[in-house]
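What follows is a single structure, and I will ask about it in a moment.
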Amino acid sequence: MSADFLYTLEVILNGLMAGVMYSLVALGFVLIFKASGIFNYAQGVMALFAAMTLVGIQTGQIPFAHLINAIFGTEMHHFGWQVPAFLAIILTVGVMVLFAMIVEKYILHHLVNQEPIILFMATIGLAYFMEGFGDIMWGSEIKTMDVGIPSGGSLWLEEYTLGWAAEGERYWGMYIDKLDMVATLVAVILVVSLTLFSQYTKTGRALRAVADDHQAALSVGISLRAIWVIVWSIAGFVALVAGIMWGAKSGVQFSLSLIALKALPVLMLGGFTSIPGAIIGGLIIGVGEKLFEFAIGPMIGGATENWFAYVLALMFLVFRPQGLFGEKIIERV
Amino acid sequence: MFYRESGDFKKTYRDDSQTFPIKFDRRRYYVVMAIAFLVLPWFITDYIANAVMIPFLVWAIAALGLNILVGYCGQLSLGTGGFMAVGAYATYKLMTSFPGMDMFSVVLLSGFITAFVGMIFGLPSLRIKGFYLAVATLAAQFFLVWLLNKVPWFYNYSASGQITAPERSMFGIIITGPYASPVTGYLFCLILAIGLAWVARNLTRGRLGRSWMAIRDMDIAAEIIGVNPLMAKLSAFAVSSFFVGVAGSLFFSVYLGAAEVTEAFSINVSFAVLFMVIIGGLGSIFGSFVGAAFMVLMPVLLKNILVGGLGWPTDLAAHLEFIIVGALIVIFLIVEPHGLAQMARVLKEKLRLWPFPH
Amino acid sequence: MAASEITQTYPGPGLDTFPKLLLHNARMFPNKDAMREKEFGIWQSWTWEQVADEIERFSLGLQVRGIQKGDKVLIIGANRPRMYWTMVAAQVLGAIPVPTYKDSVAEEMQYVIEHSEARFVIAEDQEQVDKVLEVKDRCPMVELVIYDDPRGMKNYDTSVAVDFEVVQQQGADLQAKQSDLFKQLCSQGKGEDVSIILYTSGTTGKPKGVVLTYDNVLITAYQAALVDGLTENDEILCYLPIAWVGDHIFVAQSYCMGFCVNCPESEETVAADMREIGPTYYFAPPRVFEGLLTNVQIRMEDAAPIKRKMYSYFMGVAKRVGIDLLEGKSIGLIDRLMYAIGNFVIYGPLKDALGLGRVRLAWTAGEAIGGEIFDFYRSLGINIKQLYGQTESSVFITAQPDGEVYPETVGRPSPGVELHIADDGEVLYRSPGAFHSYYKNPQSTADTKTAEGWVHTGDAGFINGQGHLRIIDRAKDVGKFNDGKMFAPKHIENKLKFFPHIQEAVTFGDGKDHCMAFINIDLGAVGNWAERNNVAYASYQELAANPNVYEMVKNSVEQVNQSLLGDEMLSHSQISRFLILHKELDADDGELTRTKKVRRALINDRYGALIEALYNGAEQCFIETEIAFEDGRVSTISGDIKIVDVKTFSTAAKAS
Amino acid sequence: MKIKQLATVALTTLAVSAPVAADLVFPSLSYRTGPYAAGGAPLADGYADYFTLLNQRDGGIGGVMASVPECETGYNTAKGVECYESTKGDGALVYMPLSTGMTYQLIPKVTADDIPLVTTGYGRTSAANGRVFSHVFNFPANYWTGASRIINSIMEEAGGDISGKNIALVYHNSGYGKEPIPTLKALAEKHNFNLTLIPVDHPGQEQKSQWLQIRRERPDNIIMYGWGVMNQVALQEAANIRYPMDQMYGIWWSVTENDKLEGMGSHGYKGATFHNVGSNYPIFSDIQKYVTDAGLAAGDGSNVGSVMYNRGLYAAMLAAEAAKTAQNMFGVKDVTSGQMRDAFEVLDMSAEVMAAAGMPNFGPAFQVSCANHGGPGLAAIQQWDGNTQEWKLIGDFEAPDMEVIAPLIKADSEAYAKENNITPRDC
Amino acid sequence: MSIQNTTADQQGQPEVLLDLKNISLSFGGVKAITDISFDIYEGEVRAIIGPNGAGKSSMLNVINGFYHPQEGEIWFDGKQRTGMKPYEIAYQGIARTFQNIALFKGMSVLDNLMTGRFTHMNKNLFWQALWKGPAEQEEIINREFVEHIIDFLEIQAIRKTPVGRLPYGLQKRVELGRALAAQPKLLLLDEPMAGMNVEEKEDMCRFILDVNDTFGTTIALIEHDMGVVMDISDRVVVLDYGRKIGDGDPTAVRNDQTVIDAYLGVSH
């Protein structure tokens, strides 16, 4: 095999892995949109907040230390204990559930039946709020996420593939990040369990009912409020997972919230309401942008990834407005 | 309470369809204009002019533009930052390529260039709707910023890609550059903002505006009544981008004086303008101004209160600012989803009915 | 009582007819608006010059169509410019306009047509044309119907019904040939010529055609205008029926002074149109003022507490000082300041919202107005005054001069009016406005108008110490209880009607021992109350039968009783029992006149059973009534009606 | 519109109440929030603490108290304008905007307002030409001298010859990141090495493509112009592909305590610096004594001695020394911003001055002149020691290749002068 | 309603305004309309009736160009048309109302009607931006026209009310007004009386007849209320399962056995 081919293969594989990371974020969007028609821009900030909380709990940080110090002139930062990763994750999930309940009670509940754009705006407001809130609660410095996920290229794979290239070519073996592999695994588990949840539990079926038809769901006695809390809790959990993965990759800090922007083209491509769409869309975007950067990028100066994902999704939609998994729309009068 | 409408009757359609049909509103408008043009320039400090009034006016123009697209034509766009960047870079190129050109022409030409770019990015709107379109316009945002950052021609091959507005004047009065008086900048922006608001009002009350609103409210019915959806949407994109381009042009040349595309015209700009439009009120020209005022003044006020007034650490204040602005947005949406303009409308209706409740 | 001097009879020398005044105004105020009508969304306006031109073309067109001097022209329609123009256009040709009520049914119209022998009918729209055509077979004298609104008229036989504009076009053709003809025609009439015939609705019997001359109308109108200082800059809104003398007299004043007459867009939009125009000169019967006040009270009840408090506080201030302020009396600085604040916060906006913001002078007449209502408007700074008049007098008999305004009187005699109180208390007058005759009814004419020119008003009243006329009731309605004490039903009814939730009341007592009452609740006010108190109801009948409503009405009746106690002559008229009627009294059912006056005889007849039940002490009574719908269908409603006893007060109790 | 007017009035009253009379005002346009807060906070702490120290220990500068009004910019240029406008009225003596974007914006403004603008290690490189940029000072080093210094270091390591070598520039795709490109291109030509440009878009969380490319091409050295999260991700990715850390060089904004990996992960990573590292200077005991212990520290104290803190301290020291110079020059205590500018132009940062300030050999010794506002551009190389988890200086402050840089500065500044109708001063 | 004449009777040979020849329409294999032909005379009121799912609305959608039939010819005003967009057809003079009200909810009644004038206005963006001058002139002229329609439909009192706030019956009336504002040659009404009470139906009937009478507008309507159809239409076409099963004047159609069967649900 030629090195060029192997490099392309490597780019594709890495693209797929990156796509999984995008899908992880997109999944949170889809869950909420499906159940409540809300385009939740705060999903990215939720991931950041979840990750900050996790790290904060893990390292025994005192919440709002900065604020307390400023007001009372004290000097305190840490409780001085460490919480095991597993327990910290559980606690963080608890925080996210609490968060979901607060969001439902104080925001969504008051915005029932509003136009989608208003709900969208409200989530941006929520994002602003959480950005400031998270920083005040846990501080704005960069934190390291350490929940024991390995990282770095897989040596075994590199050595195993080293011989694939033809003699004399500059080839150093296939590179795949272990973190990405873990992320893929986690994503698979997440999707499978979400599917199982929605297919085989009562709550899951209620969720699907609400997604199909709000009115109908209400008329058979499904509490919309409860459903929303559940959905936002699940989205919070998904955000936590995404936050862990991305946090492990790049540290837990402000920029983590911007991963939302990476998920948007995925949504466009896969549709706002389709979980498989989010996965496949993520993979397409991941591979697409990495391949483009690899093949075309150097010719036009690189750093194309930010926009290429969007342009790809845009092109796709122009030719297939119903999205990846949508059916052809027949407009009725 | 303030309204006395008896005897204020209309004998012609021209009178009936004027912008401020009620005498009280009309007078109030003239008073505000008089203050803005005749009083403020004498009393305004450099700080108020440079840090409050100029950005307010510039954002108001951008909000007007986006409101035309989102509020009137119903096409959700998140590409405002990108279009503002086009306006800014067009201005830079025009200023440096034609040093003799007066600022007014520069700004308007930049607007037209942006309108053209906007139209191109408006094309997908014919097939993509709603949030899909919103996300699609992000393609414009990211692509335009990348392009302007990548092609050195746009920034005259300067080392860092920064563009700086050289000194340019009009009728012998310096408008841009470091020696321009803030008052001049304020007046220049004011004239453009008022002029463009007038144009926006004209466009939205006439045939074109109705075709936009028809598309927004019920596109199928609009088409059947004779509105060509492509023309309506593209014209909305063009007009909107024109406004946004002018705003970008002023943002760069009068307000900041220098800009770097990745930072000054980032996605946050797009969101900020969208906020102004939503907070101010979709489909309202007045709302665009109020929304801009809110989004410009709110942080400045908060900062001045928290840091200047209460002496809090700046970072804590900045975080609180986020919290407060975010909370306010949510509260506003809950209290009045149709924005400040709607609040003003309701208030006005209440005052007109005063003392009756209905 | 002697008449006050008339110094100048006409607005100008020889301006003794409408056509002459028209030409005069067209010369004097060529570019001033003479007439406006809200149509097609804006106030379409005509200057005096344009009005003259419109009338010229139409009258010449009528001439072409063969109208003769002395012909009657029936005019039927709403307050629309062309309806008004038609009157003058007919007068130009020496023909006599006969305006009639547009909501009169075909038979009523037939009577007027037959009686007046109208050859031409000017109808507003298809609805009116259809009515005329319906009776046309029975009225062979009608030659032509001219309609204003061509809508739906496309397929009508043009030899029978023709468009106003077509006639105007024919007039224009004639005008082109004979440009001076119109001026000639205009100058022909004289002051003593018959100007108009107005059919009075009359509470009994068939309508009578009151014949008025130009002098009757114009002298009266002009004198009143002079007294009140009207100018060409005043604005008036004409929303009352064109066949009613009041409306006519105000149009006459417009011709005398040159001010502008405004016509509303439609009946439903009168309130909105009124607010837009903001008339400076206004007339409304008490019923309208009552309605407005009720409306204000209802709406204020829905206001937020703080606003309500503000309202009641400032209304208190107004009550205390408003009237004095209006009458130019001196009051304290603080009160003056509070009133100024109140004026900005409450009175001003309130008046503006009601369209009364610019009113300099408002008349009310036709019935007694409640003192509370009267004071309410006056305290807001609206110069509302009462006048007393009738069709036969060309309106003005007496009127309240500025500064001498009392709710219970109707003021001093108008210029040129002599008053005389007959022995039985009936009021008689002699004036320039006193009518010429009843058309084709010499008997009635003679009954009403004596040889010396004294006209019987049919109202009982007296002149009080201040020289003001006070009307008690219709002369024939004033009755006696069995014990010989006076019973003035209207007086009591009016007191009842001042309560916002009472729409109409009928009292009985003549030839009986005690006074009893029928009540109609106000569906608007009580409905609003029901809504706020979660009282469900499906119909007027159901709401009327509600015990709480009864309780509410009972309270009001008791208050009336209390107040009657204060009046020596009437303290015996306290109501001892009442019932709430199961249906609203309605003009369509003949229970009210078209001007909404109670037809007592008919009610006595129709509701005999109820009256009997009132007097025989029954707790309730069954009744079945026919009601007629607007389209002529008839159905019945029936039900048990509860009768309630009310506390009455004695002078002794008062003393204790 | 009405609301606007009301608010304006409210604002005016608020804005007017701020100024503190008769102090030497050194506004600090800081960013303790936003994507670059991690770097911005210690920087602002160092800047503030130095002046607090002077006030506490010496009773101010020449007897006049210094005040440091802080204004949060969030690294956002628009907010920067607001901060500039709101603080300039208070009698600001010098601006240090701590952001390249803001520098560009302020260059014309400060010139008009006659306030010096000092950009230590950032900003517009060609502003070193004092003839064109009268009010801008970018000593002691700038992006171009930094790049040159790094190339020199690479050459040193390679034994003086780097022809044919592959050097990759991984840069933040913004004005800041793009700055060294012309210099590196010129140097590549001169030294005959291959330069690969690898941009990373803001914020730089996802750099897989870039590092796969590096892995493929295996450049001999990597120069990194990164900022914020981009640095950490880049280091992580470099470690992932097992790129030798000692072949990686960062510019001074990429070599802070935040830019490291756990344990020995980034051991050996190098970077250029224009000031010294560590807290082994007399001044730190004073800071402990007068500032931290007195509870007056700007931050929570955890940053003291860190790279960014030291940089803030250093910048403050330069400003304070200029203020002293101005006081001496003009014989007044309350110096004006114009006098400050004149003082900066003759600033002599000798070893003695630094020693006197309690910071011996903290930065390079340099002199400013009318024509050269950039100083000699001396820079040193620091290296991360994974064992001790701290940065160490390896080698001394050395001069860059001015032969290459000077013409570039001249060309760029002249282009600016031409574009903006500036007639270069004679000096 | 008094002296009503029926246009078709009096004028002898009627002019054909719209001629549909062998129209077939299907969606992805599902046939909605199969080989239907009928014509509409100038000035008549033509009713299209049929049970639910008979293809009536699809037929209307074909006429105003929203659906493009796979087979068949459409002749309008003497010209055959092919592949026109709905907005182009609006310019040809066909206007319509919808079964489910399709008003522009965010606009006032007046603006809705003014939008109906779209095809009669042509001032370009430049003049519009300037407003003063030609654009305003054009606006005023069209406003006048629209005001006559407001007057005609007796909706003066709600002129400036946002349509969203109006009750159903009035919305229907406004929608009719919007279609009328276009001064169409052919007016298509899709169940104009659906969901109305008796009084509103009477009003609507009167308006439809008045429109036909006053403006001479040709009207094609779909209606379920047979009484109404018999009263106001000149000719009726009956559809069932996408096929035409009857055509003729109301009485003839009413007595047609096939039609009766279709309505009574006799199995096929």
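Labels for the chains are A, B, C, D and E, by order of writing; each one numbers its residues from 1.
Everything below uses one rule, namely that contacts are C-beta pairs under 8 Å (C-beta built on N, C-alpha and C of every residue); 3 or more make two chains touch, one makes a residue touch a chain.
Quick caveat, the model's predicted, so the values are computed rather than measured.
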item	value
Chain hops separating subunit C from subunit A, counting only touching neighbours	2
Neighbouring chains common to subunit C and subunit D, by label	B
Chain occupying the middle, per Cα centroid	B
Pair of chains whose C-beta contact count is the highest in the structure	B-D
Identity of the chain that, by mean CA position, is farthest from subunit C	D
Euclidean distance of C-alpha centroids - subunit A vs subunit B, Å	33
Between subunit C and subunit B, distance of the C-alpha-averaged centres to the nearest whole Å	56
Chain centre separation (subunit D, subunit E; CA means) in Å	73
Separation of subunit A from subunit D, taking each centre as the mean of its C-alpha atoms, in whole Å	35
Where subunit E touches two or more other chains, by residue	66, 98, 102, 143-144
Numbers and ranges of subunit C residues touching at least 2 other chains	41-42
Subunit A: positions in contact with at least two other chains	66, 135, 140, 301, 303, 306, 331, 333
Residues on subunit B engaged by subunit D in the complex (per definition of touch)	28-29, 32, 35-36, 40, 45-48, 50-53, 55-56, 96, 146, 149, 156, 158-162, 164-167, 177-179, 255-260, 262-264, 266, 286, 289-290, 293, 297, 299-301, 303-305, 307-309, 313-315, 317-319, 322, 340
For the subunit D and subunit A complex, residues of the former touching the latter	32-35, 37-38, 41, 173, 197-201, 203-206, 208-210, 212-213, 215-216, 218, 228-229, 232-233, 236, 239-242, 258, 262, 295, 300
Residues on subunit B engaged by subunit A in the complex (per definition of touch)	70, 76, 124, 127-132, 135-136, 138-139, 141-143, 145-146, 150, 220, 267, 271, 274-275, 278, 282, 312-313, 315-316, 318-330, 333-334, 337
Subunit E residues touching subunit B - in the complex, by the definition given at the top	64, 66, 85-87, 89-91, 95-96, 98, 102-107, 111, 114-119, 121, 123, 125, 128-131, 135-136, 138-140, 143-144, 178, 182
In the complex, subunit B residues that touch subunit E	12-14, 17, 199, 202-203, 205-211, 213-214, 216-218, 220-229, 235, 239, 283
